[in-house]
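Dumping the structure here so I can ask a few things about it.
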Amino acid sequence: MEHINWIHNIPFFSIFLAMLCGIITALVKNGKVAFKIHSTMVFIVFIMSVILLLSVVKNNEIFTFMMGHFPAPWGNELRAGPLEALMAVTFSLVMLLTVSGGAEFVFKDVVEEKQSLYFIMLNALFGSMLALVYTNDIFTAYVFIEVNTIASCALIMAKGTPQSMVGTTHYLVISLLGSGLFLLGLCILYSITGHLLFPQMKEAILEIIKTDQYRLPLLVVTGFMFIGIAIKSALFPFHSMLPGAYLAAIPTSSGILSGLVLKSYIILGIKLIYCVFSAEVMHTLKITEVLFVFGLAGMVMGSVYAIRERKMKRMLAYSSVAQIGYIYMGIGMGSRVGMTAACFHILAHAITKTLLFLCCGSFVENSGGKEKIYHMRGAALRNPLAGIGYTVGALSMIGVPLLAGFISKIYFATASVYSSGKMAAVLIVLGVSMVLNALYFLPSVIAIWTPEKGKENKPNFSVSPLFAVSIVGFVILNFVLGIFYRPITRIIQMSIELLAQ
Amino acid sequence: MSEVIQIILLVFLVACALAVSLTKNLFVAVIVFMGYSSIMAVIWLFLESPDLAITEAAVGAGVDSILFFLTLKKVHYLKGTREG
Amino acid sequence: MNHLGTNFYEAVSVILFGIGFMNLLLQNNLIKKFIGLNIMDTAVYLFLAAKGYVMGRVAPVLTDGIIDAYYYINPIPAGLVLTGIVVSVSVTAFSLALVQRLYKHYGTLNMDEIMRISREEEGE
Amino acid sequence: MEEKKKLWKHIKAWVDGEEVILDADKYIITRSKKVKKDWRRQFSVETIKGNTKLYGFLSVAISALFIGIMLSVVNDLPEFGNPSNPVDNEVMERYLESGIEETGAVNFVAGMILDYRAFDTFAEANVLFLAVMSVVLLLKKDKQNYSEKEERENREDDFFDENEKRPILKIGGKILAPLIILYGIYVVLNGHLSPGGGFSGGTIIGAGLILYASAYGQKKMQTFFTFRTFTLICVGGLLTYCACKSYSFFTGANHVGFEIPKGIPGNILSAGFILPLNICVGLIVACTMYGFYALFTKGDI
């Protein structure tokens, strides 16, 4: 009997636990029970991921886990290092806080007999995100992208209103276009490399670059795969699916979709850059430059759209477009420092945007279901806790010191120094985008704190305890990331070093 | 000989796809799509993949078309049921 | 390198993909949009299956007890396509259910019309 | 000066978030006019879509460009049917040469998808399950998804099912449905021996069930197939699948436990987990396909 390394089993356990809970929830009729199952599952995954993170950081290692009896080029594989573990910790923590804070929206907006179905979708979504983070096999990634697509569409339309159906249709068509392009890229890549697992593919691609035989196919493949991932993660010209979908969905779903689902595709993209195409090849093919330009465009245009927007949820959706632009800008700098900044911004945006969506849902609720910002005047006075949460989130997005958003902007600025020829562009756009962020976040913050004339604005402290816990948790997390950011960035740097080897 | 048949089938495939795009009638479009799937099944036999041929025949020409027809019926498009 | 003549399967499959793509962009009718999506998917599967084929070899099922890699064609594309077909039928069913639900409220299958009505209802 | 003051007032109001209060009507009118002239607006998808001709031209151009690029890529790709292509490598060799002794499956494709690369297939079964659950979420009748007209139509359909003769369909259904289902079961059980397997066989069984239901009405199906049985079969199948695969993944990765005996290749009881997995997938798929049909017609199973 050999010694079993339990820590190496954690990725496999987390994915299967999530999927298993998704299946079991189908037997549960009551939404409350399903919610309890879901929270317990996410909590267990959170604990396991923390253990995994501590272990891999201590040993400074990336390990692969064989799914089945057959080693690498024949069987499936999972792969976990500090980056994957960190993302798993973040995803489970954010998921736990979002769902516990947003459970009341689910119980209010979804028809009673279908609430348990909503939690099936949440479990499957969580499982698929973990799988996208941990996978070491490109076809597994494709299948889990499809799981992710169906589950996220189901989350959007769970509200059952006609608007949500329209939003879902739009989202579905565009996401399917993205996964179709990804699949096409996968097929061509398979036909020129003959492998499906990341490490073997990387070797074959380096060989191709050396012999110069299939150069054009390789360029087109990389293009298609990254266009597919960009469509999925709503990079600027492909963002049209977000606003409608987020407006119509339950705030819980909007928060999860914008905070986590978009990020899981980006993580897949980062893994593809380092583990399949390798940074040098990406650089020679000029893909990073294209991503960089679109990232910059997204930063400005997303904010411009957001300023024009009068509905709060749509404004937040466009703000997500801008923030995704930041992340792609960091990836496009092509340096490890830029990638570190991008990864840190993924964390910062995940905790901030979900907080904003939850608070926004609460405002909509206490201003009589009206979505527009000027109908929400005094909403923060009616629910001070959500008001504080929204203010902290908005300030963090703008980039006020002591908050998470500030640190990521500092890192972006620092990273620009190391990438020659891009420094001016990055610094100018960063400054412009910060001003634009302030231009749309500050008026909304002022609006929610301004009392409405002729109406009583009695503060209502009787929010549900779970909601309070989640908002407070998010605010604390934001400050923690903003003040004690050192260990986290060190982990990210370490993982980028390990990945790039 | 078999190559000629394969090329004819491929030409049919493209013709079916174009016909689906050009026809105005949804019923015709679904029927043509059914034909497209059947041709695809035959092509997969030529490519020595019987697994795919069985699956495509059962799914593409069978269940997929049933689902499309049911939707057409539900949106009151089929003649002889409830039109308009 | 000039393989366009021999690679006619792949050539046809990319043309089909283009037609499906055009359908997806141009058609306003939802049902035809989703048929276009299906055409796109099957085109990719045709591409993949063609890449697995090797001239003069037989289907990957043990025949006459011959165990030899040079006697059978590549089984990997077949497996991948099988998975892909399942995915595409699930997506088709989901999208058609969505179409029914949309028709129940808006009474039309035209995507532009649906968007217009929904924007009016939203009150912009 | 007057203008300037007004502008300042507007900005102040905007920062304060009370733009509607300040001569709202006029403001909104001028604003909407301005927005139309705005250059930003011209690049948004809606305006391009509004211009049908331009949009059509653009989409055709994009597709043509795409086809052109792809044709030149195809031109550069490895030759069709050539035995020395990059895909003919050690991976395929092992699947074909050691496949029989390692998986016990005569059908190499079944051995590959259910043993070597079983994780993908597990995800695929989950896609199907999620799709049927989302269709339930969309179409199952509840207080949001209910219309009087549809109820009336459903009642009419039921009436026709019971009272119309339809001899060809009924006799055909009676004779064909069992044959189709039998063939489906054959395909499922022989998944590791011959082409086919859980998914194709399950679809065939589902088609048989659909034929029977359309000939005899759904009421008759409901005597033995309710929503409860549907959920139980789906969940049971998936759980069995999950348990089998977890066992083999866990033991495989940690090199512990004993291997499932593979049996003699070619026998029906062989190939380790592949037969039970095929049966599970077949059950799930059959239920799913019939579930789609039932939900699409009646909004209930």
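Per-chain residue numbering starts at 1, and chain names A, B, C and D are given in the order in which the chains are listed.
Everything that follows uses one rule, which is that a contact is a pair of C-beta atoms (placed from the backbone, for glycine too) under 8 Å apart; a residue touches a chain by one contact, two chains touch by 3 or more.
These numbers come from a predicted model, not from an experiment.
Asks: So using the touch definition from the top, which pair is joined by more C-beta contacts, B-C or C-D?
Replies: When the contacts at B-C and C-D are counted, C-D has more.
Asks: Where the centres are mean C-alpha positions, what is the separation of chain A from chain B, in Å?
Replies: 38
Asks: Just give me the whole-number Å value for how far the CA centre of chain C lies from that of chain D.
Replies: 12
Asks: If you average the CA atoms of chain A and of chain C, how far apart do the two points sit, in angstrom?
Replies: It comes to 28 Å between the two C-alpha centres.
Asks: In chain D, what residues contact two or more other chains?
Replies: Correct list: 70, 73, 76-78, 85, 87-88, 91, 95, 107, 109, 117, 120, 124, 127, 130-131, 134, 138, 145, 195, 197, 199, 292, 296.
Asks: Check each residue of chain A and list the ones that touch at least two other chains.
Replies: 139, 143, 146, 150, 153, 157, 188, 190-191
Asks: Which residue numbers or ranges of chain C touch two or more of the other chains?
Replies: Residues 8-9, 15, 17, 19, 21-22, 26, 50-53, 57, 59-61, 76-78, 80, 82-83, 85, 87, 89-91, 93-94, 96, 98, 100-101 of chain C each touch two or more of the other chains.
Asks: State which pairs of chains touch, listing all of them.
Replies: Per the contact definition above, the touching pairs are A-C, A-D, B-C, B-D, C-D.
Asks: Sort out for me which residues of chain B touch chain C in the complex.
Replies: 7, 10, 13-14, 17-18, 20-21, 26, 29-30, 33, 36-37, 40, 43-44, 47-52, 55-56, 59-60, 63-64, 67-68, 70-72, 74-75
Asks: Can you tell me which positions in chain B touch chain D when the two form their complex?
Replies: For this pair, the touching residues of chain B are 49-51, 53-55, 58-59, 62-63, 66-67, 70-71, 74, 82.
Asks: Going by the contact rule set out above, which residues of chain C touch chain D in the complex?
Replies: Residue positions touching the partner: 1-4, 6-11, 14-15, 17-19, 21-22, 25-26, 50-55, 57, 59-62, 67-72, 74-80, 82-83, 85-87, 89-91, 93-94, 96-98, 100-101, 104, 112.
Asks: Of all residues in chain C, which touch chain B in the complex?
Replies: Listed in rising order, the residues of chain C that touch chain B are 8-9, 12, 15-16, 19-20, 22-23, 26-27, 29, 31-32, 35-36, 38-39, 42, 45-46, 49-50, 52-53, 57-61, 73, 77-78, 81-82, 85, 89, 92-93, 96, 99-100, 103, 109.
Asks: Give every residue of chain A touching chain D within the complex, in rising order.
Replies: Answer in residue numbers: 1-2, 4-5, 8-9, 12, 16, 19-20, 22-24, 26-27, 65-70, 73-76, 111, 113-114, 117-118, 120-121, 124, 127-128, 131, 137, 139-140, 143-144, 146-147, 150-151, 153-154, 157-158, 160-161, 188, 190-195, 204, 214, 216-217, 220, 240, 304-305, 308, 373-374, 377, 442-444, 446-448, 450.
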